[in-house]
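Before I ask anything, let me first share the structure, which is written out below as structure tokens.
All chains are identified by letter, namely A, B, C and D, in their written order; residue positions are counted from 1 within each chain.
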């Protein structure tokens, strides 16, 4: 059976659109210096279906096209595509299955965020840009091996009840979530940006966390006032 | 009423010209690595009118065109444009309203300058390039929340009577001013450059401030002899 | 005598193909920031012949073409090409002569890897990306002067019996090997990437090596499951 | 009087050629990240005449053309060109006047080299790439103010009798020399490269200088064997 036998036309159209969008968003990972060689991956949930669209495994960024994107179900089984899906697909799928508001997931080994992850240390919320986007510290998740659902569980357990769309999986790297794949990519880009700035700040002396009230006020405003209505 | 009902033709022509100039100058923020995603903004005062031209809020650098630039008055009220103005517009507007010699303002979260800001530590004037452009240390301004005129006031109170065109707003990031938007962009670029170099210098040992007399002599010469007449 | 008098047609075709491949792979060294000016070199073994294809010495990356690539034997004697081969050819040749499974060799002075080499300190395996690609620490080889086979010997003695495809030659820089030139380039890119991330991690505190069993499991999986079949 | 009244045809042709070459070499400063905004400059000696070709002052790198290059005599007086010469022209001119073997001079504020200069600390020769290009440590010159010949004198007094083509002028930045402008640019690029690598190495622990004999042997070989004959 082909995809068009299994899914109604609006889902098929969404898959088509998301293949293009997910493909293009990978270029943002390259542009902002988050990925090396073939590491890193973006996925999007297919609305109205238990499906996701994700990068193929180990394919270089230059060779990605909408057609090379892979469709899987929320248990990471291949549904459509000529390639094997990213080896991180199970983690993405687990997040979609357990966090219904999430529409996009991104994973990278971006260097500064991964350095905080390597020490198992949250990035403290010491600058307004962090309060804006993350609403507090960027938390650390457990160390978990690839191969079962332990990475996915670690992400979900850490981010549930947290304002941060980013988690630093211990000795591994950041995962970010968003209402859309684009929001998750933005969170990945900002996560590396603030991980870097706070790294620089800490190198030459201590830094002070922002007062909780200031963080709340900045987060509130940024989520509701920033950008175009 | 449209803009052309309210302002004489030379002002309208200046607005047209400044839309193009402010738009193009944002590309310099990207080129010199000062901005991430949609952060950072450049504005220009419209000569002979209490108006400014500034970046729209939350629009990505690739999508900026002269037409997307926004015109506001010096209390940050929208005067012309299809987009909402930058969420930092109030700070820019306050500077223009209180510093009549300023023709351009730039705000970024450039990483090294923001790292000094995060610690609340001025960049000490230890290299000739800093004396040239800043005439001394780059000072730190107060911590101020977005939403009223406290950021604008912090900038103006810190830079008044100071030779530096840059201020590091505490736990936030640099704001720079100039006679033109281009000069303010140059100050933002040089601010990050010297913040980085002095960061590197300090990482491996102490550094000595330049003698006051050397700073004066370098600043004087650079402001009056450097460049084309 | 010309090359075509000495070698059968399949070897000549392989040389032709490898000239193009080795030339193109040098662009990856530039793209990932591993090389400065004319430093760094990639080579490939010619299958079925005691020959290798390598970069010419001191030629800038912009000027490399398939035709400027040089063919030598496994004692680094010029066999074909209008240019002198890389001054590191003897080291490459020694590796091919003593490690029959190696099809590609890369040498760079990439900054973070070379910094670890300068201290003579192995990069400890503290993040999953290192376990994946290197299967443990990246080891340090002896200090050896150019001019005889001591660099080649140092590489071979260090990498033999080691899972890592990268060695940091003391106070010199990294050499990497692979089944193909492309694999060796990938190892060089990942070597710099993890050397950088672990450098950042260590700058702000201690880091813990991954448990041996986790390393084994990650390495095993990455070598056998990652990528396209 | 015009240039063609004052100089014989071969000199005029050399000036023409050097305008193009000096202009193009400035793009290398940008490419290798040595310069910010309009800082940094390259010059070339005009063979057989007491003249040099140098960048105009304060002109951005995008706007440089062969025609905007400036010709001065060896006392930094304007001889030909529509622009004012670089504000560092007097230092370049002094070097040509006092070091007859020098055909090119480069000055930048490249960040890592300038960081060592800010501390007044030579870059120690701890990696083979430094021995190759610099034949030892990169020395520090005196602090000197712009405006008379004290920068030029500081450069000449430091580099005379030294194998290094680079000097770190204290609390200012690197100057490099070469037989040609291209060689001086290469020295500037390699100076930043090794300043960066040794900075990284030193951040995480002590580094050992190479033995003098190894340095001599590497320098000797690199100067005589490396590259194309």
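The rule we apply is simple: contacts are C-beta pairs under 8 Å (C-beta built on N, C-alpha and C of every residue); 3 or more make two chains touch, one makes a residue touch a chain.
These numbers come from a predicted model, not from an experiment.
Engineer: Since chain A and chain B are copies that touch, is their contact same (over half of the numbers shared) or different (under half)?
Structural biologist: Copies use mostly different positions to touch.
Engineer: Could you find the chain whose CA centre sits the greatest distance from that of chain C?
Structural biologist: B
Engineer: When the CA atoms of chain A are placed over those of chain C, what is the turn angle between 0 and 180 degrees, to the nearest 5?
Structural biologist: Result for this pair is 90 degrees.
Engineer: In angstrom, rounded to a whole number, how far apart do the mean CA points of chain A and chain B lie?
Structural biologist: Roughly 32 Å, centre to centre.
Engineer: Using CA atom averages as chain centres, what separation in Å is found between chain B and chain C?
Structural biologist: Each chain reduced to its C-alpha mean, chain B and chain C end up 46 Å apart.
Engineer: Touching at least two other chains at once: which residues of chain D meet that condition?
Structural biologist: Residues 203 of chain D each touch two or more of the other chains.
Engineer: Which residues of chain C touch chain A in the complex?
Structural biologist: Spelled out, the residues of chain C in touch with chain A are 32, 126-129, 186, 189-190, 193, 196-198, 200-201, 203-208, 210, 214, 217-218, 221-222, 225-229.
Engineer: Which residues, counting only chain C, touch chain D once they are in their complex?
Structural biologist: Touch residues, chain C against chain D: 36-39, 56-59, 83-84, 87, 109, 111-112, 114-119, 121, 143, 145-147, 171-173, 199, 202-203.
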